[in-house]
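Starting off with a structure, shown below.
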Amino acid sequence: MEQWAFLSQIFQIFIAFCLFTTLYGKGNPLRSWAEYSYLAAGTAMSVMWAWTYIRNHAVIGLQAGELIWIPAIILGLMMWFRIYPKYSYISRIPIAFTIGIGMAWTIRTQIFTQFISQISATIVPLFDQGPMWLFERTVIAVGIITMMSFFLYTMEIKGPHLWSATFGEYFMYLAFGAVFAGTFMGRLGLFVGHMQSYMFPVWKQPYTIGIALLVFVVMLALERTGWGAKLSA
Amino acid sequence: MIGFVPYFIKVPQVNEFANTLTNISSVVGQFTIVIAIYSQYRRSLRFIRERRKGWVYNIYLLTFMSLMILIGFTWGEHNATYMWLVNSIVAPCSSVVYGILAFYMFSAGARAFRARSLKASLLIVAGVIVLLYQAPLTGSYIPGLSPYATFLTETVGMSLNRMFAIAIITGAIMLNVRMLTGRELAFLGFAREEES
Amino acid sequence: MGKEGVNLLKLMATYDKRWGYLLLFILVLLPMIKPIGMPISVSELTKEYYEQLQTLEEGDIVLDSWSTEYSGYMELKPGMIATHKYFIKNGIKIFICLGHPEGLALVGALLEDELKGYMEAYDYTYGEDYIILGFALPNQAATLAMATDFQGSVKVDWKGDSIKGTFLDRVETGADIDMIADFTTAAGNPGLINHIVLTFGTPMIQNQIGVSLPGSYMNLDAGLITGLLASTRGGSELELLIKEPGPGLIAMDAFTLGHYLLIILIVIGNIGFFGWTKKVSEEMESTTIR
Amino acid sequence: MAELLFEIPGVESGRAFGLILILGIFILGIYYMRRGKLPYIRRVAAIDAISEAVGRSTEMGKPVLCSYGRGGFAYSVIAAMSILGHVAKTCAETDTRLLVPTGGSHTGYLTRELAIDIVKGQYTAAGKPEMFNEDDMPFLSGEQYSFTAGYVGMLVRDRPGAVIMTGGHSSEAMNIAEMSNLVGALTITSGTYVSNMAALACASDYIMLVDEQPAAGAYLSKDPEQLATIRVIDIYKVLSLLLIVVGLLVLNTTGNDFIRRLLAS
């Protein structure tokens, strides 16, 4: 099995760099190959997940005598009628059912964790924890109020509202800048971590660099000769 | 809508029933993948039959996919071959597609952070301060930066988040109201069945 | 200004961003081949997280929730390794629940590849000190069931073996869990907060990826989570605190360089913008910031 | 947690106020809808840009790519569905090819079917059912990043003139936005969480911020009944602002915790 593990490592590096050629912005066969492999594997995996899910819940549940799964399976099978356009209306029932459940689930959790707790977390004693606290909490409150005023659609923005909305908009961009930087850090960390898995242990380094160069050169060559666009999907 | 009531009402049976309903809806969802796969097969076959550009890749797609599903079904998910395929294709590719975001963030930042207007300037100022703070080297040598950056990420950022959370929920619930009364999506030939 | 000057400015304003990509690639790979070892500082956030960890005593039970897929693991890796090393070293009992089907791959990646030697060194064994429950937290309903009736809802571990006779016998409801350690790539599993933290007041620490940090700051401020480890940076800081250097510290060089490159390109872009774009045409580029 | 102000018998403690809020929004919503009085609506550039984007693609003879996200039936996906409906309508009327990548999550198989129904319905309503092509709505697996890879592949291959990416997209949104910028498409996006929005604001041409997305369906429909509901959203926003302001003032001047207790009830 040793060589299989080794082969897997090398294959991983290769397919990864093939997919990295997406950055070049043009089609080439290496990229298409990687994309279609990933698509195939991803789809196969989702089929397996779906099957495992059904098995773990419905099938095992049925075997344990939980009859509640029978309607689940029936509804699930009703979806299959979509294959025949003539009977596709049957599938409306499970769709409607699921939308209802999904929407309900959304409201019931969001109204609390978001709406109420956020409002009540903003209402805090301001004066008892030093000037920095006062400043920060005031900024938060003012920020929320002004930004929210920017998002009032049905009122004409004029007078003091205009001031507040303009300030809110600027405030929002300030926040966007900060958040963007934070996001960049996250993504960079991700990429660095990913590259680390190809660079360590140290024996991988020559392979990684070699494959990276190879893919890069092949990509450029394909691009120059015009074969890249022809052969890609 | 049955799922929504029990959060407020103290009747344990209803609560349990709601959970079951959720599970049922997930199972129904999982069944639906069959249709998705069916349509994918049909699409790829049409590509191959009509010899459209990239049809060879579609052959590859179909064969590979069927093979992998077959392996998965016959030997189970913990089978070595199946795991090998998952580890050597899905794992690196998902990391790449995710990791590539660093590049996209990078170019979007380099492109958009130009002082066109006061708004964009604010964006830049905040962005650069936080970036400098986050870079470990300057983060540790210029301690004066830390309060500003923390202020920006935590205080200003949190303010935005709160506003977002409060604003979005009203919008979302209103959307539900529109759906339940059959306004939203109703014009799409999708009649008032949502009340289920 | 000479003609070359204008051309340079034009280049600065309109260079092909793919050069930037190439540079970033090189700057990330180089320090891995030849580490520079730039110093880093520890932020308040990580110190708080570490203090939370220190409140745990030997034998305490931690719900270890991994709601991340393989790709997010790349970012959380330093923090996950460091946190688990702390658990292992101090004899804290953990039961691992996955919140994502892809998490199964992480068991191999983290416990087998990274921590095996460490676990052997501290005699940390399966069944006695840690248990993997598998994909046990797929949704809120499952979390609720686990929190209200643990023994009724969880009977076997990920391989199908019974968990009777292990430390999990002590867990009846969420109140018997001493802490939740959540490693997540998004809002995480809201069920953990809704059904365990809010109901039983269990402290919860979270290791979050950079993108979802704003949401976590909010939860931290509202007291819903008690400790937060931010992305790779936080992980490497924790490595410093527990004195176990790992992948995070190596990553920091590349991290620094990547950040500087972006700042430099922003500066270049702005010079180019004022020097060229603005003069030549007042017409906006396709990207308009509203 | 603050002491409860009141409790309604039979209702889970600490959740009564939320129930009142939800019931309030339902009642107000239906009231305003019945009244059907058209309120003043501020223009929203990003939503106006949708028709512009479709028009631009039609002129250039390029397809339009419109996606609704990859989750289950969350609010953002539903909102995006209604945007998709409008885009499909315009596309059907102007004979523009519409591409809709679907899939991307193990909770999203049903959403895919709904999306197909919607697009098909629009084409049928425009009297061109034969124009609808299910091949243009490919299923790109149930795995997030293989969906993304496929999506980006579609961008590279088909080079759409406009990309309207709304709904429940998460981290892959940046991939799509930057790539569509690289292939020269007009990009209209919307974020579902803050860090995503910040990044997309930098990457895309137009972005629907915060709750512009759930409002978009009503806005696009130009139906007075639906537009009236936007008014209700505003009322709730003002209400929450008032709660914050009054709560802060009362708490800090008199030390009365009234509002927080009310909220926690």
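A few remarks follow.
For reference, chains read A, B, C and D in written order, and residue numbers begin at 1 within each chain.
We take it that a contact is a pair of C-beta atoms (placed from the backbone, for glycine too) under 8 Å apart; a residue touches a chain by one contact, two chains touch by 3 or more.
Source: prediction; values computed, not measured.
The chain with its CA mean position farthest from that of chain B is C.
Taking A-B and B-D together, the pair of chains sharing more C-beta contacts is A-B. Inter-chain spacing, taken between the CA centroids of chain A and chain B, is 3 Å. Taking each chain's centre as the average of its CA atoms, chain B and chain D sit 14 Å apart. Spacing of chain C relative to chain D, judged by their CA centroids, is 29 angstrom. Computed centre separation for the pair chain A/chain C is 15 angstrom, with centres defined by C-alpha atoms. Of all residues in chain A, those touching 2 or more other chains are 19, 22-23, 25, 32, 34, 38-39, 41-43, 45-47, 49-50, 52-53, 79, 82, 94, 98-99, 101-103, 105-107, 109, 111-112, 115, 118-119, 121-122, 141, 144, 148, 151, 172-173, 175-177, 179-180, 182-188, 190-195, 197, 232-233, listed in ascending order.
Residue positions of chain D touching 2 or more other chains: 15, 18, 22, 72, 75, 78, 103, 106, 109-110, 113-114, 117, 139, 142-146, 149, 157, 171, 174, 179, 182, 193-197, 199, 201-203, 210-211, 215, 230, 233, 237, 240. Annotation for chain C: residues 17, 21, 69, 71-72, 74, 101, 210-215, 218, 221, 233, 255, 258-259, 262, 287, 289 touch two or more other chains.
Listing the residues of chain D that touch chain A in their complex gives 2, 15, 17-18, 21-22, 39-42, 44, 72-75, 78, 103, 106, 109-110, 113-114, 117, 139-143, 145-147, 149-150, 152-153, 156-157, 174, 179, 182-183, 194-199, 201-202, 209-212, 215, 230-231, 233-234, 237-238, 240-241, 243-245, 247-248, 251-252, 255, 259-260, 263-264.
Interface residues of chain C facing chain A in the complex, by the touch rule stated above, are 18, 21, 25, 28-29, 32-33, 71-72, 74-75, 77-78, 101, 138, 140, 190, 193-194, 209-214, 218, 221-222, 224, 231-233, 247, 250-251, 254-255, 258-259, 262, 289. Of all the residues in chain B, the ones that touch chain C in their complex are 19, 22-23, 26, 86-87, 90-91, 94-95, 97-99, 102-103, 106-107, 109-117, 119-120, 123-124, 127-128, 131-132, 134-141, 143, 146, 150, 153-154, 157-158, 160-162, 165. Across the complex, chain C meets chain B through its residues 17, 20-21, 24, 38-41, 43-44, 69-72, 74, 102, 105, 139, 141, 144-145, 213-215, 217-218, 221, 233, 236, 252, 255-256, 258-263, 265-266, 269-270, 273-274, 277, 284, 287, 289. Across the complex, chain B meets chain A through its residues 1-4, 7, 20-35, 37-38, 40, 53-54, 56-58, 60-62, 64-65, 68-69, 72-73, 77, 80, 82, 84-106, 109, 118-120, 122-131, 134, 149, 151-153, 155-160, 162-163, 165-170, 172-173, 176, 179, 190, 193-196.
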